[in-house]
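Below is one structure, written out as structure tokens; the observations come after it.
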Amino acid sequence: MKKKVLSVLLALTMTAGLLVGCGSSTETKTDTAKEETTEETTEAPAKEETTEKKADEKTDDTASADGIAGKTFAIVVKSAGNPYNQKEAEGFQQIIEANGGTCIIKEPEAATADAQVSVIQSLISQGVDSISIAANDENALQSALQEAMDAGIKVSCLDSKVNKDSRSTFVNQAGTQEIGQALMDAVYDITGGSGQWAVLSATSQATNQNAWIDAMKSIMTEDKYKDLELVEVAYGDDEPQKSTDQTQALLSKYPELKVICAPTTVGISAAAKVLQDQKSTVKLTGLGLPSEMAEYIGDDDAHSCPYMFLWNPIELGNLGAYTAMALVQGDITGAVGDTFEAGDMANSPYTLTDAGDGGSEIILGAPFKFDPSNIAEWKDVY
Amino acid sequence: MSEYILELKGITKIFPGVKALNNVHFQLKPGEVHALMGENGAGKSTFIKVITGVHAAEEGQMFLEGKEVHFKGPRDASAAGIAAVYQHPTSYPELSVTENIFMGHEQMKNGMIQWKAMNQEAEKLLARLNADFKVTEEMGALSVAQQQMVEIAKALSTNAKIIILDEPTASLTQNESENLYRIVEALRDEGVSIIFISHRFEDMYRLASRVTVFRDSQYIGTYNVDEISNADLIKAMVGREISDMFPKPDVKIGKEMFRIEGLSRTGFFKNVSLNVHAGEIVGMTGLVGAGRTETIESVCGITKADSGKVFLDGKELHVKQPLDAIKEGIILLPEDRQRQGLIMSWGLGRNVTLPIQSETAKNGFNNEKKEREIAKQYLEEVDTKAVTIFDPATSLSGGNQQKVVVAKALAQKNMKLIIMDEPTKGVDVGAKAEIYAIMGELAKQGYGIIMISSEMPEILGMCDRIYVMCGGKITGCLDRGEASQEGILQLAMEKGGYDKKEEAAK
Amino acid sequence: MEKKSVWKKITGSREASLVIVLIVLCIIVEILNPTFLSPTNIGQIFRNNALTMIMALGMLCILLTGGIDISITSILAFSGMSVGMLLKYDILHNTFLLFLIAAAIGLVAGGLNGLIISKGKVTPIICTMGFMYIWRGLAYVMSNSAWASGEDVAGFSDFGKDGSIGPYVLLVLVYMIFFVMMKWSKFGRKIYAVGSNAEAARISGINVDRILTSAYAIMGLLAGICGALSVAIYASAQPNMQYGKEMDVIAACVIGGVSMSGGRGTVVGTFFGALIMAIIAKALPLVGIDSIAQNTVKGVIILAVVLLNVITQRVMDKQNLERREM
Amino acid sequence: MAGKSGRTIQAVPQNSAKKMIFSWEGALVVLFIALNIFNMIISPSYNITNILREMPKYLAEIFMLFGMAYILVLGDIDISVGSIVCLSATLACVASNAGLPMVLVIAVCLLVGTACGFINGIILTRFTELPAMIVTLATQIIFRGIAEILLGSGGSVSLKDTSGFNALAMKIGPVPLVFFLVVIAAVIFTVILAKTTFGRKLYAIGSNSTAAYYAGVKVQKVRLIVFTVTGLLAGLCALFLTSALFGANTTTGQGFEMDVIAMAVFGGIATTGGKGNLVGGIISAFIIVLLRIALGQINLNPQLILVIIGALLIIAVLIPGINNAIQAKRKMKSA
């Protein structure tokens, strides 16, 4: 009896709450149109039609309007509490706000695709105009992002892509092939052209790292690198403790090892510390944040890493912002061959190129080399 | 200097919702054994806890050797030379005997516990009590009687002037009790004052010189043991007269209904055979650890026997789990009511209908209305002192809890054999008589009854036949006529049992 | 007769059976990879797992009282992040003071757990689950998405540098203190008493609430110290540090024979349990188990050791019963 | 019968409105209403369409609440459910990509979950000495570990053909299919727990498993069933999660176990067993989900959201204790 009454009460409050919710929603500006159409139509196809129509209207509006004033741009990073992501988001925010737009920086609760889905859903609710995302999984966000696109939101990704059906375009920090080539040449250079080397990656599932490692492997088949032997790809799961264990295991398993290449920011700093503490002759290269790695970069034996690479996450964020603005303003649609201006960025204007997966991409530039000569200058930037 | 070593005046203790003690008095002379009696719930245990500083009384004064004292905690009492051995052994099963003895007053040197010295001291204490176990043994591995001895050793280790024994004999067999009596007498002769709480009259007669009775949280009176009759004492405790303690009805014994043949379980009991007839009350007695409870638990499917057969009404049973036994009509009233018999946080009604809920249910849905009716019927039938069937089991006294367990058994319609394991353990005298009456009634209705008990009077008073066990074997079977306390004791301490006799015969 | 009692001692003691598991594990790994038992490797085993090993002692106290604490790595992250931030923004560089601050943060966090559990009568797993979210979240908020990098913590990390004896000294010191405390101090024995029978402990004058609070406070203290130690060893403070590792700590204790229902467990057992976990972590990459299979192997080993404990216990019980046979 | 004193015992249950309102569930209902009002004030996007759109992912989690509630009532715990979701989702994707028809894919997903739950149950019932916490901790690592092996170096698998899973994600009007399924499951599980003999047995075991065993309850069989069903529910969760993610990866379902335990505990189900009911659990699940949605909509730092949930959890479990203390004091005065 008690429970029956309770459930009735519950049902009542739910409906009441929701009704009031609908009422109040009509006051919100961006949602109004969509809201009413979904309320009136019950069939799914009809809904798609209306939302598409709405999307068209929006594009028309923005094309004629001046700039992006009043528009909201969201950036979804991979995870919270990571300076690389933070710099990327800051770069994004800087450009959007300079141009009069509103910027939302969204961090998922955890570094998982699940958590990013909730974030995207929340952004759709808020009726943002653009979502730029650094994906934790290439495919898992597809349905959420398609829903966003159906709702008229421009979706682009940066840093770590989603598949071609889930995005308009991808802002790539550097070409996969270029990164592979740069790292491979670094290994060749540091080993002196022959000997054993190993890779310390993030998780075995990390999309970017896997792509780069694959690129390195394919480059290694060239005749130039025939004396190099890749002994193992170890995974430190982007945890300092596990990365340390793995680095130490590499050292004791392969006494002949000459170079470790760590294309991940957590892995490279953990490995750098191990090598430097042990005064090991093994050298390190890879991709790392200058601020994290300043301690370990140097040409002498006291430092474990002669040089490493990265791109500028702030510039990546900047370019992501320009791309999102161009999409919202209708300057580009995401088709290969589109070009757009990106303020005073070095390589502006940028052109969309074929990403190799059927979609388009925009490449920021070549990876940047950090060595003892410039590390001091960059370590305070990012 | 006062005549009394300990004196309490006008003690009142209030718990949320109840007055556990209402203006009670108590006087203890140096070097006497003073019995404290009363039904469960009369406030004895609370009173003890007030003396030992576990509870602080709301009103009243306490004098130790004439000086008023205020204990803020058990430490103060212990420092003043008061030690208590509680009803439920307050031991630490995972810790060693030494540690149990010295917990709270370890011997220290430079901030370090002196294990070696403590072990030696503990050995001395145990030797004084004629104990036969090592001080390094884990408490949990000891028998109840041995644990009791550790508790006494613990009291002695504080050089207590006053030792309180709260129902020390409740879990002991006759000769274990005898040993305890000797220890208590020795302590008394050394000048220690002892407060002794017990439900057993024999304890009181054997040891105490004076007795104080509490009833319903109130002080009734203090009497010299020599001067008060048994009936008067019971009347003081219960508040009414109990005419017949053991109302054993004259029942015509029917045909054999239940038989065990050669039941064995490694390490617990071996080659146990017994039988029960319709309308017969069969007793099983022996020392604690003789294998009585373990045998019965195997019969009821709680544990598995290694070999042997069980027959009910001529049909061999294959009991794998308790439910199988219950379905066959073998109902067990387990020894430990609070752990095995009842779900203490539940209402009485739910407890009664737990085993039969599937039978009253429709398509798996509980028929709550019918369950309430059944619960009410049987709880009233055994005359449970409760207000509603929704009262939690925790709110009842031990005796009434036992009645709920009985009601739970009675509610099972297919009951044929009822096995009661220590049915009156921790039950006060009034409720005891009522439980005996129910047993008699059940026998009259033709049920077979097995009663496991360590209490000699009820075994002798209620049983038609008595099986005695020792060391996991049945050492003898006595008829009502031929049974005597001495005869039973002799069998209970005899090792070897039937086998030995058979071998001798060969 | 003498022989039998020695044998009985070996089979009867859980620590002894742990040593056997440990030796077997070491032999297998050593055969598969002969570099395993090199001094460097052994040193690294202790250094890399110092955090788990130290926190296992606190967890021992808590499991002894019959509780559990799953907030420890969040407390660790919070205190570690505090240390990292103090260093990053050049507020404080004194190694000793930083450890002291980390310890104080841990003590307060643990004490809070203890107070809510003992005075508020809240089940430990729920209370510490709440704080697991809270401290971790606050670590993120405090970090403001920045890490303390190797350069930021440069001087401080010398304490935990490979080659520095700092972590070893700390490890040995903490184990010695606990070994003495749990066996020879009144406080240590009171923890056992409370876990074994809280009601009895209350009656014998032990302030149960205070012991409970202290146990959680000690756990917090160790977690706090480990926060600073983690920053020193890995020369980096990140808000997600040691995420999920509380389960490793609990597993280490259980493998070491600490009962989750309270009252049973020793410092020596905990040490061996933590060591087994450490060796698993160290050995898996060394023996060439494919890295994607390493978690499975780790889980199977934990389960196997725990089941082995139960089976051994059952066999021992059965033998005891047969001995009792008349 | 003998000794009868003619005393009667009340057997009519008292149904007082006051008791109901002051129950934990009553408080939760009030909180639920208050929360909705609060949410509407803080977030302009908080309306039915958005809630229904954001909810399916959380609804999939709520499936596991039912199993977890049962397990907590038993006095056990299962921290492997998140990993079971991961393994089931992985195998479902693998099966779907292998070209199996949707019906079989669903069967695979549910069977894998059930099998995992059964493994937990078998270990726990065969080795009753072991606490559920440590066993499910080990299987938590193992189940996700197996998924990691299956997923291989990519670490994620995506559906080649999403049509089948699209059907699962379909909406009836604005309401997603999964919402109806959750409601149906909620009714079934609530009724079973509250009204049937099986539910009563769960409470009996959770309150005192020894006494329940003596009273003829097949304790280990019931535990085995409950753990297995929880596995099945985790499989169901995996199915709907996959229909939202179109794939699976090694982090799928991570942390779900803590989410559902928090929901159950906030709903008044004690981890010590024998207490609480699903009405409370379900209301609290919606409270937590709606709070998350609203706070997400105002772009609060997600870590702060976790801090708030953590604090709410602790306050929720502290209230009964404080309440008891106050009541005891009041009784003390009246006595």
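Remarks
All chains are identified by letter, namely A, B, C and D, in their written order; residue positions are counted from 1 within each chain.
Basically, a contact is a pair of C-beta atoms (placed from the backbone, for glycine too) under 8 Å apart; a residue touches a chain by one contact, two chains touch by 3 or more.
Since the structure is predicted, the reported quantities are computational estimates derived from the model, not experimental observations.
Among the remaining chains, those touching subunit B as well as subunit C are D. Ranked by the number of C-beta pairs in contact, the top chain pair here is A-D. Among the other chains, B has the CA centre that is most remote from the centre of subunit D. Rounded to whole angstrom units, the spacing between the C-alpha centres of subunit C and subunit D is 30. The mean-CA centres of subunit A and subunit D are about 33 angstrom from one another, to the nearest whole unit.
Centre-to-centre separation between subunit B and subunit D, using Cα means, comes to 43 Å.
For the pair subunit A and subunit C, the distance between C-alpha centroids works out to 36 Å. Residue positions 80-81, 107, 204 of subunit A are each in touch with at least two other chains. Touching two or more other chains at once are residues 140, 292 of subunit C.
Of all residues in subunit D, those touching 2 or more other chains are 148, 151-153, 301, 303, 305-306, listed in ascending order. The set of touching chain pairs reads A-C, A-D, B-C, B-D, C-D, using the touch definition from the header. For subunit A in complex with subunit C, the residues that touch the partner chain are 79-83, 85-86, 107, 204, 234-235, 239-242, 244-246, 248-250, 252-253, 266, 269-270, 272-274, 277-278, 289, 291-296, 379. Note for the complex: subunit C touches subunit D at residues 68, 116, 120-123, 125-127, 129-134, 136-138, 140-141, 247, 250-251, 254, 260-261, 292-300, 302-303, 306-307, 310, 313.
Subunit A makes touch with subunit D in their complex at residues 1-3, 5-7, 9-10, 13-14, 16-22, 24-25, 27-28, 31, 34-35, 38-39, 42, 44, 80-81, 104-115, 117-119, 121-122, 124-127, 136-144, 147, 163, 203-207, 210. Within the complex formed with subunit C, the residues of subunit B that make contact are 49, 52-54, 73-75, 78, 84, 86, 90-95, 99, 103-104, 106, 108, 111-113, 115, 266-268, 270, 471-473, 495.
Residues of subunit C touching subunit B in their complex: 180, 183-186, 189, 192-193, 195-197, 199-206, 259, 263-264, 318, 320-322, 324-326.
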